[in-house]
Structure formats: structure tokens, C-alpha cells
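Common to both upcoming complexes is chain A, partnered first by chain B, then by chain C.
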Partner chain A sequence: MTLQMAERTQRTRPKTRKAGKVSRREQATGWLFLAPFALTFLAFLVAPLLYALYLSLFQKQLIGGTSFVFLDNYSKAFTDPTFLDGAWFVVRFSAVSIPIQMLVALGMALILDTVTSAFSRFSRLMIFLPYAIPTVIGALMWGFLYSKSFGPLNDVFGASAPDFLSSQLIFYGLLNIVTWQWTGYYMIILFAALQGIDPTLYEAARIDGASAWQIALRIKIPLITPALLLILVFALIGTLQFFNEPEILRELAAGAISPDYTPNMYAYHQALGLANFNYGAAISFALGGVVFVCVYVFMFLTRKRGSFF
Partner chain B sequence: MKRKPFLGAVSVFAMASALVACSSGDDASSGGGGGGASGCTNSIPKEDLPVVSMWAWYPNMDKAIDNFNEQNDEVQVCWTNVGEGGDEYDKFQTAISSGTGAPDVIMLEADRISTYQIQDALVDISDYGYDEVADNYGEGAWKDVSIGDAIYGVPVDGGPMGMIYRTDIFEQYDITPPTTWAEYEQAAQKVKDAGGPLFGDLGANVPALIMALQIQKGATPFEYDPTQPETIGINLNDQASKDVLDYWAGLVDQGLVGTQDHFTPEYISGVIKGDYATYISAAWTPGYLTGSGVGEGKDAGKFAVAPLPQWDPSSPVQVNWGGSAFSVTSQADDPELAAKVAYGVYADEETLTDGWTNQIIFPLNLNALHDPEFVNLHSEFFGGQQANKEVYVPAANAYEGFTYSPFQEYYYDAMTKQLAAINEGSISGSEAADRLQDDVVGYAEEQGFTVQ
Partner chain C sequence: MTGRTVSASRRRRSQPHLPLQILLGFLVLYYLVPFWWVVVNSSKDAPGLFGGGNALWFADNIDFIGNLQELFTYNDGIYLRWMFNSALYAVAGGVGATTLAVLAGYGFAKFRFAGRRFGFAVLLGAVMVPQTALVIPTFVLFSELGLTNTIWAVILPTLLNPFGVYLMHVYARDAVPDELLDAGRVDGAGEGRIFLNVALPLMRPAVVTVLLLSVVAAWNNYFLPLAMLSDNRLFPVTVGLDMWQGTAGGNNAGTTPLWSIIIMGALVSVIPLIIAFLLLQRYWRGGLSIGSVK
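The block that comes next holds the complex of A and B.
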């Protein structure tokens, strides 16, 4: 009895200390462990962001130099047809590309979750492979595949081959590249989520007479909703910041892709091409605003179903 | 897609800090801006002399620098190639904005000089030995690197224009090189009617070429007087400009020329396959095409060049596309010393000869331009034709120089958009010219200029 009491007090002592005050030494150790991340975070994320914000409050003209204009750059950005066109493009592009990528990724994840053989492991790797290829290389490769004179399209369709680098079809050309590159990555996330589901649920469902189709629709998909929402937010943020693929394809299709094709390209071009760092910074923040609003609206709409956030 | 912008930002940051790191530390000894003695691509033979840093991208720049350093007892050059064209300009622009990191001497295409001059990034070198070399270059060459009376660069190579054509196609369809643009269109029609290939190409990404063709018709895109830097004349939709755009829009509309972007694998493969009967281009093109594998094997000697077609054959006008100069940057510690480098590099006979025999440059230095060996050269690419004598040297001699705007990059981008719209068939040439005018005037006003 006394022994038990003693044991209990011994056990509870550290607990009470933890709940109460943390010793200064422990605090210091905590900060020390945090320091590598905190310093990197401050130096490479917070500081550049603050500097960009500061830059975006000024205006630089070739004649007249730099002057403080407060939020003028932002009011200009949100009335700038070039920026708005670019923003509208990425919103449209998201609306088309994200559902396609998610459906394909979900379908493949469900199939690979059901089929367990050496072949499925191989397919998993193959589907994931495009993600392992750097975007720049991927975009260049597709640029050559799209070529009318030495790409495979020419062999298949001959003279009437579709030109995915023309201004009419470039949207689909980019859509294809993005889907190819990112679907495998999303598939892996969904597949991992599916693997985490307790298999006894399936067993119970089967005993209740559920078909494989019903298990997929009624058990698997609802249980991986958090993962689906996660990749949706990833995809949304990524697509709104669309940059690499169009920037690379511009080398091959300058007529179809202008330097201000997406807001990110516009910001880059303003800053580095036209030396207008101030307006470039303002566009970046304006784009940040657009991304924030889109993601917020989306999360607001899904707040009840999504437990992940 | 989602990670790369961030990675990009990080790498830009890293690059910038690398540049800064380069520029500090060596200033005391070298007077260099970017790339210290340790960062030179070349080795410096005379180590006790002051060093001037330089950025340039000519393929035989290493030879040019070695020749200069060996022959010079006053100054040595530390050279780096930081990228061609746009890549170098982006770095230079970053260095200008940050106030540090630029080299002492920089290679610039002539059409960019105004852009940097207005940012006070270049030094007027007319007081640093211009008189001694003034006779070495033609009037048009000097005009391209001057703003008013101030000289902001030393001309090195130029791009007098001509019409490159395929002799096999011309023979097959029984046509002779057109001398006027009207004949050019007729010949194109004739080839098309006979089921032949396209006659030429309107690339949306070569606005500088179209600008040159507009100037040939009598357009003056920009009027700029450096004594009044805040005013600029912009005439992008005058009759001559519209005529040229309408002419090309017409050729596109009738299916006589292609709409492929230039400098793409797609276009080059078309040139190799004989998809285009002519290639309106400049004197540096043979070198570029040879490097891309054009005119090799069974295609050897199938190309020839004729003078650029004219609008009015009784008063021919010669124009220029491309070409570069060496400028002294305002970040140079000793501009006079830097000017010596700008005047001296790539100006010796050995380097110039190496440049033109290997088709790397079309020299603007009159010592080379008037060298009988250069003039009489039988060009291998053109099947032994004396291309310099017949086409390029007369064109270079007759070239009178252009006036460029201080926002040339914006203008080119804006024109590319309009050319793409023409190629799409959505607007006429005149409409394109009007839109371009509105676009560029709007930008100029936004940048604080008074547009006349």
C-alpha cells in the first residue's frame, strides 16, 4: 500500500512539473532544437516576404525614379487586365485540371489498393515516376513530343496532326503535362491513405453483403476524404502559381505563351525582365491574395466533411 | 509546379548573394565589379597590372581575351560568360538594381543600350579615346551605340540583312531571287500554285526583325533626344509600319508563309527539310544555321543569299538585325581603363579574322570589313558564293543606324503579342499596329514619359 502510494507520487511528480512551469534550461534546450528551422524560416521565408512587401509599396518609373505610393500598386494590379487575364487563366486551368488529376489519381489508387500482385507494385512505381522527373525536363520532353515535324503526333496523324504548341491548343498541351506530372504523386498520397484503413471494415462490409464496388464507394472514399481534401488544396495552390511548364514551353511557343501568361510569370517578368521589382512584388502579393481567397473559400465550403484541417 | 517558384526564389537569392560575394573583396586590387580575379574564365598572364572585369558571350571570346591580355601592357581583362542575351541582361539588371555586382565592361546588343543608359547604368566613353578609333567603324555602326552625341558602346558585330534562299527550290519552280517585296509575293504565289513549300515565315518571336523591315519601308518607331530624356516620340502605327504588317499578314492569310517561331527546333528542322524557300535574316545567320546542322551532307551548298527585297528599287534601303557592342558600366571603378578594354577587345586583327572565318561574327570594324580577304571570301555555306561582297558588305555600308527606345524589351514583348494575333488570323496588320501603338504609349506614360 505504502509502496503503491510512493510509486504514484513518484509518477505524478514529473507530470505536475510538466503541466506547470518548464525550467529555464529546458526552455533553452527547446529553443536550441528549434533554432535550425527557425533561423532558416526567418532568413529564407519571413525576411524575403517582408522585404517584398516593403518593395511593393513603392513605385519605380524610368523617368521620375522611385516614390512611395502605399497601396497604389495593388489597386493597379487588380485593375490591370494583364494580371486579371492571367489570374482568370489559372483559375480556369485549376477548374479543369484539378478534377481530372484527382479522378485519375483516385481511380488508380483504388485499383492498386484492390489488386495486390507484383505487377501492381511495378505499376505503382511507373505511375509515380513522372513526378520524379524534374518539371523542367518534363516540360522540355513534352515540348519535343508535341513537335509537328519530329514528334510522334506527326507519324500518327500526318499533316493534320494537332499542334499543341499553337495558341488554340496550348491550354490542352499544358493540361496534359500537368496531369502527367502530378497525378502519380496524388495517387501515392491516396494509396497511402487507403493502406491505412483497417481491413476488418472491409470484412464486416462483405459479411453484410457489400460488393467491391460498394466497398470502394461507401467505405474507402469516405474514409480517405481528408487525404482527398489535402491533395485538392495542394493542387489548388500549385496550379494557381503555375510557372515552370509555360515558362519552359515559351522557348518553343513564344507566340502562344506571352511572358505574362500566368500571374507568376508576369511577376517574374516585371521584376527581372523589365526591372520593375516593385510592381513584380505587388503582383506576387496580389496572387498570394487570390490563392488565399480561393483556398479559404474552398475550405469554408468543405469545413464539415474535412476533419484534416 | 508548386515547389519550383519557391526553389526559383531561393536560387535567385543564392545567385544574388554569390554575385555580391564575388564583387566584394577584389575591388581594392582589381577595380573589378563582378567576377573577381579568382572568378575569371581566362587566366591573367600579367598579374601586376590592374584588372578590368568583363561579361561577354561570343563563342571565341577566350581567344579575344587572350590576344588582348598578351598585347596590352596597361590593363588585363578578367572575363566571364554569364549567359547569352536575356540571361545576361537579367543578371545585369539585377546588378543595376542592387547597385553592385555588375562588371566593368559588358557585351550588349545595340538595341539594349538605351534601356540601360536611361537607368544611368552605362558610361559615355566619347572622352576616353573615341577619337582614336572613330574611323574604324561606319556611321551606322556608331549611331546604333550612340544616344545624341554620347557614345555608350563600341560596335563589334552587326547584322546586315539579306534574303537567304534555297537554290534547289528556286530552280525547281523556275524563279529568280525577287528584288522587290511585290516580286517576293508573286514568287511565293507561283511556288504555292505549283504545290511547292512555304516561301518564308513570320515568327512571332522575332519582333526585332519585323521592326527592321518596317524601318526599311520608312517607319521611325522611336524618336528620342537624350537632352530631353522625359519626352519620346512613338510612331508604331504610321502608314509604313501598317503597310509592312499588312503585307506579312496578307502572306500569312494566303498561306504563302509559315507562322512558326524562329530559333526553335521546329523551325530549324523545317529549314533543313526545305519547308521554307527563303529565310529573311541577317549576316550572322549562316553561322547560326551551320551550328544547328543546316546545310550539311546532301544539303551542302543548297543555300544562297540575295540582297533584301526592296519596296522602292530606285531608292534601296538597307537594314540591320542584331549585333552587339561592348559598353562600360557605371559601376566600373576606373571608367577610363574600362573604356580601353571596351575599345581594344575583339578589335585586333587576329581575333577579328578568327571571328569572320569561323562565321561567328559579321565584323563592323572597318579594318576587317574592308579586308579584301573578308570581302572576297567564298562562303562554304552558300556553296562558294561571295556572300560578303555581293550582299552583306554593301548592306552594312549602306546601313544608317536605328534609334531604339529605353523600353525596348517591353516593345518587343508587345509586338510579339500582336504578331501572334496576326498569325492566328484574328486581326489585320493595321489593327495590330494600332494596338501596339496604344500598348506601348500606355507603358511609356506609366513610366513617366511625355509621349509626343
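The block that comes next holds the complex of A and C.
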């Protein structure tokens, strides 16, 4: 393609006759289109990460000021019970919430792909609606619903109403919020993938005597594997950096959620609450690094040649 | 991309599927309950909220207009300012991020240049860096530069959207034929002109999708402005409502009228995006799957 283009350009542009020059011109144009993003990338991704890495190698002492400690902050983080508790919570939460979200989204997408009534189109819209709601407002709304003082649970269950803001049930309270917030979005991605399948495949399977279940399990689900992987990656990245929902519910769930409930909240409160930039940077960097490696390994194991998902 | 063409032929046969429709009905109820609660309770005054009446039905004393007035006048009408800030951050950040993503995605898809493969590998890696892992490092860097507590502290980091670049790349690669670009070059058009007049119109569905995703992400953002801003007149509505919630909870006076205002504020804050999504349905329905259909 490059050659062909070079020839054509040669013919029409006497000034850039040499092939090398044309290629240099194409290179320059390519970089020109890339430049604004590349600059943003350097300024707001590479620079902060390098700076955080740099900061994380130092420690501020009460006496003697800031000193170079190399990886001490990291060895401190990985033996810090608070950080490890938060990390362990996020791992447990991911292990439960991601499969649930994916199954719910897949189930709804399959139903909406099968039922083609006006009501199902309306349902699709309503199920997607929470995506348009900021996670902050979503968490706030569910916090109201859970609340003992103005939620409906007391009306329904009386004094024995479950308290999703208590330390025993907060895990399920958060699980429900996350499911409500994101399954609609995942459902839309899966639904669009299902709609992209050639319907003649179903006809052929039906002629061969396949039931609706078999069609769903053997044809539909295998064919939307790329979309399932996509939402798995989204869910993984989103859940491992859990912050908004527990931070919002902290006020309503007095005592059930500590300021260091998740690693991200810990980093935030270290950096902004205690002005301990060095340790906060180390936690952020460790968290980002762990998520990056997890997702990258996962992608490497599942990716097809020549495409991302 | 492919969704729209196939679905038309799929609709030929409509089956009732009653049990599934009933199940859908319950699902819709589940997804709408929080909205319903907010609509109902935004009409209550403090006694109605805490008086022990039915939480999912209107109180006798409906004070919708009164609460609305209080919301917009409380604290010198700061709520309106927050909504304006949210809109500013969402539009400036979203439009900016989309512009950068369209240019870079087109560059990656349609040009060969030294470092392209490496650049693309770096981009895919960046998609996997959790956004919030960048917040604290960016905050620390910006506080060195004295940029925190300005609108730029929220807008500038929002411009970075590696996933948007990836989506634009995938779309431009397939939807913009090389032959068309070459034809433009043969006719002597400059690269900028070819991009604007030939490529951009073909990329429109993906542009709208990336714009929608970026604007929603910027509108919904909470962690970044929470870390960056300390002047409450710069807050977006998400951080502002959270601050009010902290005040109301901290007072612990169960009857503080602030709760009515917060609930009304939550309701009003979700209306713009809901309207946008209802109006832009035909774009997001097909577009959100661009990255996964391939």
C-alpha cells in the first residue's frame, strides 16, 4: 500500500520525487495527527507516573527531613495490614461481583435478544439507564434506600429489616449498587454483539433440531466471546480500583466503612488527609502496577492475533 | 456497526414469550426503584421524610416546588454553579478528549511512521492503567506546579482517553478506505483537507460514540475533582452533593432540611444525561460495541 501510494504521489507531485522523501512526509503527517494525543499522554500519564515512582522512593521523617529509602515504601505497603486488608477486600469483592455482573448482563442480553416486543425495547432502555447516572448519585440513591431513617426496608420488614449499611451486610450493599450501576452497560455491549450474529445460523440449527437453550449455549455465547472478554476487562479494571461507592457510603454507613476500606481510598487518605505524598504515591503505583500486570497477563492469554480483544 | 442492518430482518417474527416478559418486568422495577424513590422523596419536606410514612409513596404534604426553590437558593444558589461546572468539565474535557482521540486514531490507522507499532503497544498498555491510579500521582504533580484548585486541574487530565483512541483506530481502519484517501491526494488535496472532508464524515458514528463516552465519564467523574479542588465554588455537582451529604450526616440532626435539598439535588443532577441518552439512542445502541464486534 505504501509503495502504491508513493508511486501515485510521485506522479502528481514533482517536488517530492524521491521515494524516501515521500515516506518521510507520510511519517511526518502520521506523527502530526498523533502529536496532540502524544503530548497529553506524556503530560498526564507518563509524567505523573514517573513522578509518583520517584516520590515513592523517598520517605519524609519528622527528624532529618526527606530521605531516599529505595523500595522501603513498597515493602512497607506489602506488609501494612491496612493496605493488605483493603487489597484482600477488593480481591474478594471482584471474585464475587464480576461473575455476578457478567451472568446478569448475559442473561438479560439473551432475553432481550429473544423477546422482540415493544416492552422488551422499553426494558432495554430502562435497564441501561443507570449508566447515565454518576456513580456518586447512584451510591447516594441506594444509600437512601438502605437507610434506617428514610428507606423503605423498615416499612416492608419492620424492626427486623436487614441493614445493608451495617458492617455485616455492607459487602452485599455495595455488591447490589455495583450490579445495578454497570450491568445495563454490559448488557448493551453484549446485546449489540448478539444482534450482529447472522440469523441464518439459528435457522440452520433449528432445522438440525436444536432447542432455544442449545442455540443460546452453543451458538450465541461462543460467538460473543470477544464482547464477554471486553466487559470482563472493563469490570476487572473498574472493580480493582474501587473508590466512589464506598467513599460515598462512608457517611451513611457510620462505622462500617473505614477511610482505608480499599487500596485506592487508603492512597487518597494518605496523600490528601495526612499529606503523606510518598506513601500515597507508593500505594497508587503499586495498585496501578498490580492491575496493569493482571489485566495484561489476562489479555495476553486470551487475545487473538491482530486484534485487541 | 453490523447491529442495525441485521436487526431489521430479525424483527419479522414477534413471539410473546410471556414468562420472559414478566421477568423483564421485575428487572425494570429493580432498575427503576432508586429513581422512583428519589422522585417521590424529592417532593417531601423534612417531617414527611422522617415521619415514618411510606418511603415509596408521596406524603400528604407535597412540597416539590418549595424544595426546588430551596435547592436553587440554598447557600446563594451554589447548586446552579455546580451544575454549570459539571457541564463545563464534561463539555471541555469530553470534546477535547474526543478531538485528540479522533486525530490519533486516524493517524494510527492510516499512516505508517517510525514508532507506530511501539506507540500502539504503549496505547494498549495505557488502556489497562486504571484511571484512578493516576489521580493521586497527578494531584501530587499538579500541587508541585501550583495547578491544583483550578478548573484546569480537572479539565486537563480528562483529555487523556486511550480507550477512545483505540476505538477510533478500529473504526477508522475499517470504515475509511485507503483508495478514497489516495484519490484525494491525487486530486492534490492537503492531508488536513482530506481528513476533514473525506475521513471525518465516514468516522462520524464512532466520533459520536467516543464523544458520548468521554462526556459521560467526565460528567460522572468524582475522584479527580475531589482530590484536586478545595474551593467549593469550583466543585462539579457530584463532589458538591457529597459535601452536602457529609454536612447533613455530620449534623446528625435527623430533621435537618438539608436532606430534602440533597434528594432534590440528586434528582435534578441526573436529568441532563438521561435526556441526552434518550435523544441519542440510535448512536449509543450500535456504537457502544465498536470495540468488541471485531
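Throughout what follows, the second predicted complex is superposed on the first by the 266 of 309 C-alpha atoms of A that agree within 3 Å, B and C clash if a C-alpha of one lies under 4 Å from a C-alpha of the other, contacts with A are read in each partner's own complex, and residues count from 1 in each chain.
Convention: a residue touches a chain if its C-beta (ideal position, glycine included) is under 8 Å from a C-beta of that chain, and two chains touch if they have at least 3 such contacts.
Computed from a prediction, not measured in an experiment: that's the story for all the values here.
In the superposition on chain A, A:Leu272 contacts both chain B and chain C. Legend: residue contacts after superposition of the two complexes on their common chain; A:Trp31 is shown touching chain C, with no touch to chain B. In the superposition on chain A, A:Ile237 makes contact with both chain B and chain C. Of the two partner chains placed around the shared chain by superposition, neither chain B nor chain C is touched by A:Gly173.
Contact with neither chain B nor chain C is seen for A:Gly86 once the two complexes are overlaid on the shared chain.
Which of chain B and chain C touches more residues of chain A is settled by the count: it is C. The residues of chain A shared by its contacts with chain B and with chain C are 44, 48, 135-136, 144, 149-150, 237, 241, 243-244, 251-252, 254, 264, 268, 272, 277. Residues 44, 48, 61-64, 135-136, 144, 147-150, 165, 167-168, 178, 181-182, 234, 237-239, 241-245, 251-256, 258-259, 264, 268-269, 272-275, 277 of chain A are the ones that touch chain B when the two sit in their complex. Taken together, the chain B residues at the contact with chain A in this complex read 1-2, 4-5, 8-10, 13, 86, 90, 93-94, 96-97, 118-119, 203-205, 229-230, 259, 261, 264-266, 269-270, 273, 275, 406-407, 409-410, 413, 416-417, 419-420, 423-424, 446-449. Looking at the complex, you find that chain C touches chain A at residues 1-3, 6-7, 9-11, 13-17, 20-21, 23-25, 27-28, 30-35, 37-38, 41, 49-50, 52, 54-56, 99-101, 103-104, 106-108, 110-114, 116, 119, 124-141, 144, 156-157, 159-160, 162, 165-166, 170, 178, 182, 185-186, 188, 191, 195, 216, 219-220, 222-223, 226-227, 237-239, 241-242, 245-246, 249-250, 254, 259, 262-263, 266, 269-270, 273-274, 276-278, 281, 284-286, 288-289, 291-294. Contact residues of chain A toward chain C in the complex are 1-2, 4-5, 8-9, 12, 23, 26-34, 36-38, 40-41, 43-45, 47-49, 51-52, 55, 108, 111-112, 114-117, 119-120, 122-123, 125-138, 140-142, 144-145, 149-152, 154-155, 180, 184-185, 188-189, 192-193, 195-199, 226-227, 229-231, 233, 237, 240-241, 243-244, 247-248, 251-252, 254, 264, 267-268, 271-272, 277, 280-281, 283-285, 287-288, 291-292, 295-296, 299, 307-309.
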